Amino acid sequence: MSSHPQAAPLIQKMRKSSLRIAKARSIFRLKSKLARNCLSEFLGTAMLLFLGLSVSMQFILSNGVISSWFHVNFGWGLALTFSALATYQTSGGHLNPAISLLMVTLEKLPHSHLLPFIIAQLSGAIVGSIGPYYLYQDQFKHFTSLKTLAFPGLAACFTSFPELHVSNGTAFFDQIAGTGVLAFCICLCIDRRNKVPVFLQPLFFGLVLTMIGCSLSLNVGYPLNPARDLGPRLFAAYLYGIEVFSYHDWYFWIPLVAPCIGAIVGGWAYQIFIGIQIDDDHEEYELKVSN
Amino acid sequence: MSSHPQAAPLIQKMRKSSLRIAKARSIFRLKSKLARNCLSEFLGTAMLLFLGLSVSMQFILSNGVISSWFHVNFGWGLALTFSALATYQTSGGHLNPAISLLMVTLEKLPHSHLLPFIIAQLSGAIVGSIGPYYLYQDQFKHFTSLKTLAFPGLAACFTSFPELHVSNGTAFFDQIAGTGVLAFCICLCIDRRNKVPVFLQPLFFGLVLTMIGCSLSLNVGYPLNPARDLGPRLFAAYLYGIEVFSYHDWYFWIPLVAPCIGAIVGGWAYQIFIGIQIDDDHEEYELKVSN
Amino acid sequence: MSSHPQAAPLIQKMRKSSLRIAKARSIFRLKSKLARNCLSEFLGTAMLLFLGLSVSMQFILSNGVISSWFHVNFGWGLALTFSALATYQTSGGHLNPAISLLMVTLEKLPHSHLLPFIIAQLSGAIVGSIGPYYLYQDQFKHFTSLKTLAFPGLAACFTSFPELHVSNGTAFFDQIAGTGVLAFCICLCIDRRNKVPVFLQPLFFGLVLTMIGCSLSLNVGYPLNPARDLGPRLFAAYLYGIEVFSYHDWYFWIPLVAPCIGAIVGGWAYQIFIGIQIDDDHEEYELKVSN
Amino acid sequence: MSSHPQAAPLIQKMRKSSLRIAKARSIFRLKSKLARNCLSEFLGTAMLLFLGLSVSMQFILSNGVISSWFHVNFGWGLALTFSALATYQTSGGHLNPAISLLMVTLEKLPHSHLLPFIIAQLSGAIVGSIGPYYLYQDQFKHFTSLKTLAFPGLAACFTSFPELHVSNGTAFFDQIAGTGVLAFCICLCIDRRNKVPVFLQPLFFGLVLTMIGCSLSLNVGYPLNPARDLGPRLFAAYLYGIEVFSYHDWYFWIPLVAPCIGAIVGGWAYQIFIGIQIDDDHEEYELKVSN
C-alpha cells in the first residue's frame, strides 16, 4: 500500500481491525460452556431446518419446475454441510437428538448435557421452520389458489408422511436403517484412524445425507432426526391441524423413536465391526501404494 | 532429459522461462495496490457475470433442452468458485458491493476503498453482461423468431424479475434472507477457527451459492448482489427499454438495497452467535475423534 | 468447562471415554489379521450392496419420480466411497473379486488370501441384497399391483440384464472395457507418485464409478464386479426363479469372467504405460506452476 | 500378521512386491523423456476421447433415457479429471494442442516438442474414437433401425456440428471464448500463488470443463480442443462420408483454429491481468481470516 497516501494510517487501522469484533466478544460471549454449546445446537438446527425446508418447499411449490428430487438430495446435503461446519468447533455439530444420544453411549457427551442439547435442537427446529413459511407465503397462497391436494398436501413441505401403501412397521424399520447408515458413516468420518481431515468432515456428512436421499428416501422421505421431524410438525399442526399427528395411524412417533434406536445400532456397529478392528500401527499390506 | 541431444540448452531455456512473463510484469503490473485491487474486482465481477449469464441464457434459450435448473445452480456455483479463486489473492474476491460493505463494517476493508470497489464491481458487471449477448446473438434471434413471450421474456436472461404473485415486500425479505445466508456462510468459511483451508474456500463459496439456488431461488431467483443485478439490468434496459426498471412496481431497487442489509445482518450474526463463541483453545469435548 | 459446577468430574469422565469402547475391543477384536480382513471385505461389500441396490430400487420402484439415472450414478458412487472408506485401513477396500485378483498379480495380496477374500465378498453381497428387498417390500407389492413387466422386470432391481438388442459378445467386451477403466483409475489414484492423498482416494473411487455410469452403462448397466453381480442374482433367483440365470442365453457368466480379465488388463496397462514411465525424481518441465 | 502361521514369509513376499513391476519397468520404460511424454499425451488423449465419446454416445443413443445433458457435462468433466491425473506427472496433462501451444508461448514447453505433442494428441484422439464405436455398435444398429435422422444424425456422437441457425462467425467467436475461459482457468489453477494443491488441480480442470458445459455449450457444443474435434471427425468421415467436413459451409476448421487463438488470449490474459498483479509477499488486507 506504499503508493497510497493514506497507507500508514490505513494499515494501523487494519491492525486494529479486531477491535469491533473484540468488543462484540466482550459483550455477547457466553460464560458457560454448556450455554455456548446449547446456543450452537439451537442455531445449527435452526439453520439446517431453515435451509432444508426451503429446499423441500422449492421442490413442492414449484411443482418441480425449478427444482427436482436431486435438488432436494443435494440441497439438504449442503444444508447439513454448512450447518455442521458452523457448529463443529463449538458443540460438535450433532443437530440431531439421536446423534447426541449415541454420543452419550459412546461416552463422548456427559449424560447431564443430553437433555439441554435435545431441548436446544428441538427449539431450533421449531424456530427454523417458521422462516421458510413466511419467506414463501406468497407461493403457498398461489399454490393453494391453483389446486387442492388431499392431505397431507402442503404439510409435506414441513415434515415426513409415509405413502399410503407403506405400513408403519416398514416405516419403523426404514428409519432404523436410514439413521443407522447415517450414524455409521458419521462415526466412520470422525474416526481419526480413517484419516479424513477435520475440514472435510462436514462436507462428507453432507455427502452421506445426499447418499441416503438417493437410496433410502422412497418409503417416508428421510427424516432420520427426531428434532428435524417433530419441530416442523408442531408448526404444521398449528397451520393444518391435528391430522398432521394422527395421519396414517399416528405415524408421527416413528421418526422420533426409530432414529434413536438406529443411531445407537449404527454407531456401535461401526465401533465393533470396523473401528476396533483397525490396526493401530497400520502395518497392513501396503495395498494403497504401488511400487 | 539426458537422452535428448538438445537437453542442456533446453533446460537452460526452461530455467529462463519466467523471462517473458517477467517482461510482461515490468510493463503491465500496476504500481498502486488500490488500482490492482480495483482491477481484480472489475475482472472478477466481469468473469462472474460472463459465465453466470451464459449459464442463465443456455437455460432459457434452449428451453431447458440442453440445460436444467440444476445446471443453473451448479453452473453459477462454479462461476463463483473460479471468479473468487482468480481474485482471492489480490482483492479478496468480494465481487459484490454488499460483501464489500460488510467487510468495511468488520473493519477488514478501509472505508476509503469501498466506493472504488463498488465502481469496479459495477463496471465489471456491465462489461461482463455484453459478452454473452453477442456470443448467443444467433440464439436470441432464433428464439425470438419462434415465439413471443410477455415481458420480461428474454430480459430474464440478464437480471432478476419476481413472479407476478410475489409481492415486493416478500421479495425484499427474500433478498435479505438470501444474502444473509450467503454472508453468514462466507464468514463461516473464512474464519480460521473453522479450519477450512484457503484452497478450498472458493469451492465452498460456490457450494454455498449452489445451496441457495436449491433452496431460496423460488421467489425472485437469487441475485444477492447489487452489481450482479444492476449491471446487466442497465444493459437490458438498452436492449428492451425502461420497463426493465419499472416492471412490478419498480422492483429493481430491492436487489440493490436488501442485499446490503442482509449481508450486514448475516455477517454479524455469524460473528456474534458463532465466531466469538468458539473456544480459542479448542478444549471442547473431543466429539470429533473416537476412541 | 470451568463455569460448570460438575466440570472437573465431567472432564475426568471424558478422559476415560475410551473405556467402554476399549472394553468392546477386548471382547470383539479378532485375533487373526486374515479374519479381520475377511470381516472387513464381508461388511464393506454388504454395505456397498445394501446402499447401491437401494439406489437402484428407488429408481425403478418410483418410476424415476423421486430418482433419475443421475441419482443412480451419483448414489452408487457415494456408496462405493463410504464402503471403501470403511474398509480402507483394514483390508484395502477391494470389495470386488476382480480387484483382489489384480492385487494378487501385482503382488500386493498373498495368493493364499485370494479365496478367503472372494468368499467374504460374495457372502457380503448376498447378505447385502436381502436388506433392501425387505426395506422396500411394500413398494415391491405396490409396484407389482400396478403393472406387470416382461422379464426381467423387478429382477433388474438386483442385478444386470442386457437389453435384447445387445449381443453377449458385446456385453463381454463391454465388461472388460468397464472394469479395465475402473482398475486403471484405481491404480492411478493409489499410486503415490500421482500424489492423491489417502483421505481423498475413496472419494475419487466413487467419482470413477460415477464417471463409468455416465459413459459405459448403456449396454448392460455397469456391474464391473463378480460379487456385486452374482450375490444379488442368487437372491433374485430365489425370488424370481432360474430365468435370472438363463435369460439372454445364460448371460450371467459374463459379469463374472469379463471383469477379472478387464481388471488385470486395466491395472497392468496403468503400470506399464503410466506408472513406470513417471520420473521418480520429478524433474519434468515445470508445467504446473507459472512464473 | 503375527497370529498367522505364514506371517513371516508373507511379509517377506510383500517386501519384494515391487519385483514384478520392477521387471516390467526394466523392459517397458522408455529411455527418451520426449518419447515418454509423447506416450503420455497419446494415452491421455485416447483415454479422454474413449470416456468422453462414450458419455456423448450414451446421451444420444439412449435418447436421454439413461442420460441427460448434465451427465454429458459432469461425465466429460470427470473424464478430463482422470485423464489429466494419469498424465500430469509425466507430460503435464495438456491433452490439447491449443494448450500445448499456449505452454510454448509461456516458455513452459520447448518449441521443438510442440509438433511431437500435437501428433501424439491427434493420434490418441483417433484411436480413442474407435473404441466407443465398437463398444456401442449394437446400440448404433438398434438406433438406426428405429429412426432416420437428418445429417449430422449419429455423427454428432463423435464431433461438433453447429445448429443451422448459428453462423460460422458466431461459432468462431464462441470457440475463442470457450477455449479462452478454459486456458484462463487452467493457468489460474496451476499458478502456485493461488495455492491450489497439485492433487486437486486435475479435479479443478474437470470442474472448469463442467462449468463451460453448463454455460457455453449452446452454440456448437464445446470442443475447445483441435485434437478432440479433428480426431473423431476423421473416424466419422470414414463412417459417414465427407459431409462430416463439408457440413455447414466447411465449419470443421473452426474448432481447429479458434481454440489456438482462444488459448493464447485466455492464458496471457490470466498472466497479465491476474498473475503478475498478485503480491508475492501476500501483504494484502487480511480479508480471508476474521478476528
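Observations on the model:
Residue numbering begins at 1 within each chain, and the chains themselves are lettered A, B, C and D in the order written.
Just so we're on the same page, a contact is a pair of C-beta atoms (placed from the backbone, for glycine too) under 8 Å apart; a residue touches a chain by one contact, two chains touch by 3 or more.
All values derive from a computational prediction rather than experimental measurement.
Overlaying subunit C onto subunit D using CA atoms gives a rotation of 90 degrees, to the nearest 5. Interface of subunit A with subunit B: the two copies contact each other largely through different residue positions, with under half of all numbers used appearing on both sides. With centres computed as the average of Cα coordinates, no chain lies farther from subunit C than B. In terms of their C-alpha centroids, the spacing between subunit B and subunit D amounts to 27 Å.
Inter-chain centre distance (subunit B to subunit C, centres taken as mean C-alpha positions): 38 Å.
Within subunit B, the positions touching two or more other chains are listed as 1, 14, 17-18, 21, 33, 68, 70, 106, 108, 110, 193, 271, 275-276, 285-286, 290-291.
For subunit B in complex with subunit D, the residues that touch the partner chain are 1-4, 6, 10, 13-14, 16-21, 24-25, 28-30, 33, 36, 39-40, 43, 51-52, 54-55, 57-58, 61-62, 65-68, 70-72, 74-75, 78-79, 81-82, 85-94, 103, 106, 108-110, 131, 134-139, 141-142, 187, 190-193, 198-199, 201, 271, 275-276. Those residues of subunit A that touch subunit C in the complex are listed here as 31-34, 68-70, 73, 105-108, 110, 112, 163, 165-167, 170, 173-174, 177, 181, 184-185, 188-189, 193-197, 200, 207-208, 210-211, 214-219, 268, 270-279, 282, 284-291.
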